[in-house]
Amino acid sequence: MDSISLVGTVSIIVAGLTIAIGSIGPALGEGRALSEALNAMAQQPDEADTITRTLFVGLAMVESTAIYCFVISLIIVFANPFWDFVIQNAAP
Amino acid sequence: MDSISLVGTVSIIVAGLTIAIGSIGPALGEGRALSEALNAMAQQPDEADTITRTLFVGLAMVESTAIYCFVISLIIVFANPFWDFVIQNAAP
Amino acid sequence: MDSISLVGTVSIIVAGLTIAIGSIGPALGEGRALSEALNAMAQQPDEADTITRTLFVGLAMVESTAIYCFVISLIIVFANPFWDFVIQNAAP
Amino acid sequence: MDSISLVGTVSIIVAGLTIAIGSIGPALGEGRALSEALNAMAQQPDEADTITRTLFVGLAMVESTAIYCFVISLIIVFANPFWDFVIQNAAP
Amino acid sequence: MDSISLVGTVSIIVAGLTIAIGSIGPALGEGRALSEALNAMAQQPDEADTITRTLFVGLAMVESTAIYCFVISLIIVFANPFWDFVIQNAAP
Amino acid sequence: MDSISLVGTVSIIVAGLTIAIGSIGPALGEGRALSEALNAMAQQPDEADTITRTLFVGLAMVESTAIYCFVISLIIVFANPFWDFVIQNAAP
Amino acid sequence: MDSISLVGTVSIIVAGLTIAIGSIGPALGEGRALSEALNAMAQQPDEADTITRTLFVGLAMVESTAIYCFVISLIIVFANPFWDFVIQNAAP
Amino acid sequence: MDSISLVGTVSIIVAGLTIAIGSIGPALGEGRALSEALNAMAQQPDEADTITRTLFVGLAMVESTAIYCFVISLIIVFANPFWDFVIQNAAP
Amino acid sequence: MDSISLVGTVSIIVAGLTIAIGSIGPALGEGRALSEALNAMAQQPDEADTITRTLFVGLAMVESTAIYCFVISLIIVFANPFWDFVIQNAAP
Amino acid sequence: MDSISLVGTVSIIVAGLTIAIGSIGPALGEGRALSEALNAMAQQPDEADTITRTLFVGLAMVESTAIYCFVISLIIVFANPFWDFVIQNAAP
Amino acid sequence: MDSISLVGTVSIIVAGLTIAIGSIGPALGEGRALSEALNAMAQQPDEADTITRTLFVGLAMVESTAIYCFVISLIIVFANPFWDFVIQNAAP
Amino acid sequence: MDSISLVGTVSIIVAGLTIAIGSIGPALGEGRALSEALNAMAQQPDEADTITRTLFVGLAMVESTAIYCFVISLIIVFANPFWDFVIQNAAP
Amino acid sequence: MDSISLVGTVSIIVAGLTIAIGSIGPALGEGRALSEALNAMAQQPDEADTITRTLFVGLAMVESTAIYCFVISLIIVFANPFWDFVIQNAAP
Amino acid sequence: MDSISLVGTVSIIVAGLTIAIGSIGPALGEGRALSEALNAMAQQPDEADTITRTLFVGLAMVESTAIYCFVISLIIVFANPFWDFVIQNAAP
């Protein structure tokens, strides 16, 4: 049962840390872009539509790096090939 | 009982650290966006509606990275597949 | 009694660190937003109402990340499923 | 007596560190808000009342994250469920 | 005598570090607020009274986080429940 | 079974950390570029088309470094030559 | 003699580090306040009296956090209850 | 089988960390250059062609440092001379 | 002789580190105050006397935190109660 | 076979870290120079030729430090004298 | 001979680190003050005498913290009471 | 063979880290100087010759610190006196 | 021979690190002062003599902290009292 | 042969790290001074001679701290008294 608990604990640790560390960059980057967008709107209200459109396309791009982390994190929790292998071999 | 306490302790540690580390980025990012929004309102009071709307949509996007962390943290506490597996095998 | 004290000590450590680390981001973010709000009021006194309303809705959003940490911290102290499991199995 | 001293020492460490780390963010955030408030007053003396009121409501909100830490710290020292459990089981 | 020296040494370490780390944030925050207050006075001498009053109420609020640390530190040195328990049980 | 669990746990750890650390730089860089783009649009609305085009080509270039990390991370999880070798040799 | 040297060495370490770490924040904070005071005097020479008075009251408040550290440090060296207890019990 | 798993695990760790750490610098550098390019375009729309051309040649140069890391990372995964040597000697 | 060399080495380490770490804050703080004083003199030569007087009183206050460290450092080298106790008990 | 795997693993680690760490400085430095070049072009379009020429000669100079790292990294992977020596002595 | 070499090595380490760490703060602080002094001279050449005089008195005050470190460092090398005690007791 | 592999591995590690760490400072410094040179050219096109000449002489001086690191790194790989000594003594 | 190699290795480590760490502060401080001096000269060419004189006297003062480190470093290599003592006692 | 390889490996490590760490400060300091010199030239072309002369004298002074490190590094590689002593005693 040793290698099962080892792989299990490591999976828990990595699943948590991946999304925790991976949320710092996107959150700060999005915060910066958002704040500048609001600033730009105040300067040039007539361009609010273009600014909003560019903002959300850009935010989606930044968010994508957070989503890479979230995907890897969920793969590790629910579709972890190493865990599957270890369980199957330990079952019998 | 060894592997149970190991998986248990690791789950507690990761559940806490994930949300703790994961709250730093979003909180700073939201604080920055919010402060700039208030600044923009003071500069261009007539655009307060557009600014507020963009602000809250954007904040929701930033908040999403914090929520990814919260979701992973709750999964680890209440729907942890590794913990379930270890308990089931240790039960009999 | 070993696994009980292990889970117990880990719970204490994580409960404390989660809220300690988790308070840094929100506190700094709220401080920044608040300071900018006061600045905005001084620039545009007529908009004080809109600014205050947006400020407090925004602060509540930032505060939410601190509250996620507080919730996880209290769950770990008072409704910890791992601790409950370990106690029950150790009782008899 | 081993598990008692373990839980005891960990409680002392966490009680201290929780409030120590948890005081950094609020203190810096409050200092920033306060300094901007004084600046705003100097710019717009007529709005001193509104500024002061908003400042103190905001400071209370920032202070709340420090108080979360203080509460957890006091719970760990004086109402620690893990310590109570360990003492009761060790008593007889 | 082992658990006594363990609890004792840990108490000394935590008492010192709590106030040492806990003094960084408040000192920096107060320094910032104070410097801005002096700046504000130079800009708007007529408002010196309001500025001073707000400054000292605010400083007291920032100082409170340092005092939380000092309180916890003194509790650990002079009213430490864990130390009391360990001494009593070791006495006979 | 020892070398299998070793390679497995290391693969999980590295897969998570690679994308977690690798998302910080691109997210911050994209956030900065995006915020400046919105600022530029507000200054020169007539150039919105050129700015948007250059922005998205440039973002793609920055995103490429995040994608290198994601590729390496997926290779480690699903096409890991070291894991394949270790499993094959352990199978018989 | 073991627990005596342990408590002794720990007391020395903590006494030194407490004041060393605890002097960073106040020194930086006071330096900032002082530099701004001099700047304010140069801007508004007529207010030199008010500025000086506020400066020294404020510096005393910042200094207080350094003094908390110094007090704890001296208590640990000269009035350490844990050291007293350990010596008394080891004497006979 | 010991030296095989050792070299294998180390290869996985280094392959991931090399590209993860190596993506931070280029991503930040490119983000900075890109943001300044957009700023320059807004200031001098007539020079958009020269700016874009210089930007992409320069980005390629910055990207080259990320590509060095990617190359080393792929060499370690797919053309690792140390791994080849260890496998060959362990085969018979 | 073991506990003597332990206390001795720890005393040397702490004596050095206390003053080394403790000199960073005051030196930076004094450098900042001094530089601003010179700046203020250049702006307002007529106030040179008031500025100089305030500067040196303030520098003395900042220096005091360095002196706390120096005092603790010298106490540890030349009037260390723990060292005295250990030597006396080891002498006979 | 021990010293072979030791030298091999160390070579892999160093080859990766050298280029990973070594790419941070040049990438940031080049990004800065590039961004300033684009800024300069926007200010002084007539000097675009001189600026571009100086930029690329300078970038080559900055890139040289990255290339030193790449050279050392490749030497360690493909022309490592220590590895050659260890293999030759282990062969017979 | 054990305790002699222990005390000796520790003395060497601390002597070096004390002055190494202790030189960072004063050097940066003096560099800042010096640079501002030169700036002030360029602004107000007629006050060069007052500025120079204040500068050197202030630099001496900053230098004093470096000298505290140097003194402690030399005491540890050439007048170390712990070393003297250990040598005397080991001699016979 | 033990001391050979020890000296060998250490040589590899140090050769890589020396140039990796040593490239950070010069790359950043050169990037800064280069960016300012381009800025200066845009401000004063007539002085382009003097600026370029001073720039390259200065860059050579900054580069020299990177070259010191490269020299030490190559000495460690190809002309390492410690390695030569260890090989000669191990040969017979 | 054990204590000789211990003291020797420690002396080598400390000699190198002392000057390495000790060169960071002075180099940065001097670079700052020098850059400001050149700036001041450009602003006030007529004061070049006074500025140069003050600069070099000040640089000498900053350099002194680097020289303290160099002196301690050379003392440790060539006039190390601890090394002399250990050699003498080991000789016979 | 043990103490020889120990002293040898330590010498290699320290030789590399001394120059690596020691090159960061001077490179950054020189880059700053150089960039400001170019800036000054652009502002005051007529003073180019005085600026260049002061720049190179100052750079030599900053470079001296890098050269201290290089000297110590070469002494450790080629004129290391500890290594000489250890070799001589091990020879017979």
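Per-chain numbering from 1; labels A, B, C, D, E, F, G, H, I, J, K, L, M and N assigned in written order.
What we mean here is this: contacts are C-beta pairs under 8 Å (C-beta built on N, C-alpha and C of every residue); 3 or more make two chains touch, one makes a residue touch a chain.
Computed from a prediction, not measured in an experiment: that's the story for all the values here.
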| item | value |
| --- | --- |
| Shared interface partners, meaning chains that touch chain C and chain M | none |
| Distance from chain B to chain A - Cα centre to Cα centre, in angstrom | 11 |
| Chain centre separation (chain E, chain N; CA means) in Å | 43 |
| Chain C-chain H separation of Cα centroids, rounded to whole Å | 37 |
| Between chain M and chain G, distance of the C-alpha-averaged centres to the nearest whole Å | 30 |
| Two or more partner chains touched - positions in chain B | 2, 11, 13, 15, 17, 19-21, 24-26, 28-32, 35-37, 39, 41, 43, 55, 59, 66, 69, 73 |
| Sequence of chains encountered when the ring is traversed from chain F in the direction of chain H | F, H, J, L, N, M, K, I, G, E, D, C, B, A |
| Complex interface listing, chain G residues touching chain E | 2-3, 6-7, 10-11, 13-15, 17-22, 24-26, 28-33, 35-37, 39-41, 43-44, 46-47, 50-51, 54-55, 57-59, 61-62, 64-66, 68-69, 72-73, 75-76, 80-82, 85-86, 89 |
| Partner chain F, residues of chain H touching it in the complex | 1-2, 4-5, 8-9, 11-13, 15-17, 19-21, 23-32, 34-39, 41-43, 45, 48, 52, 55-56, 59, 63, 66, 69-70, 73, 77-78, 83, 87 |
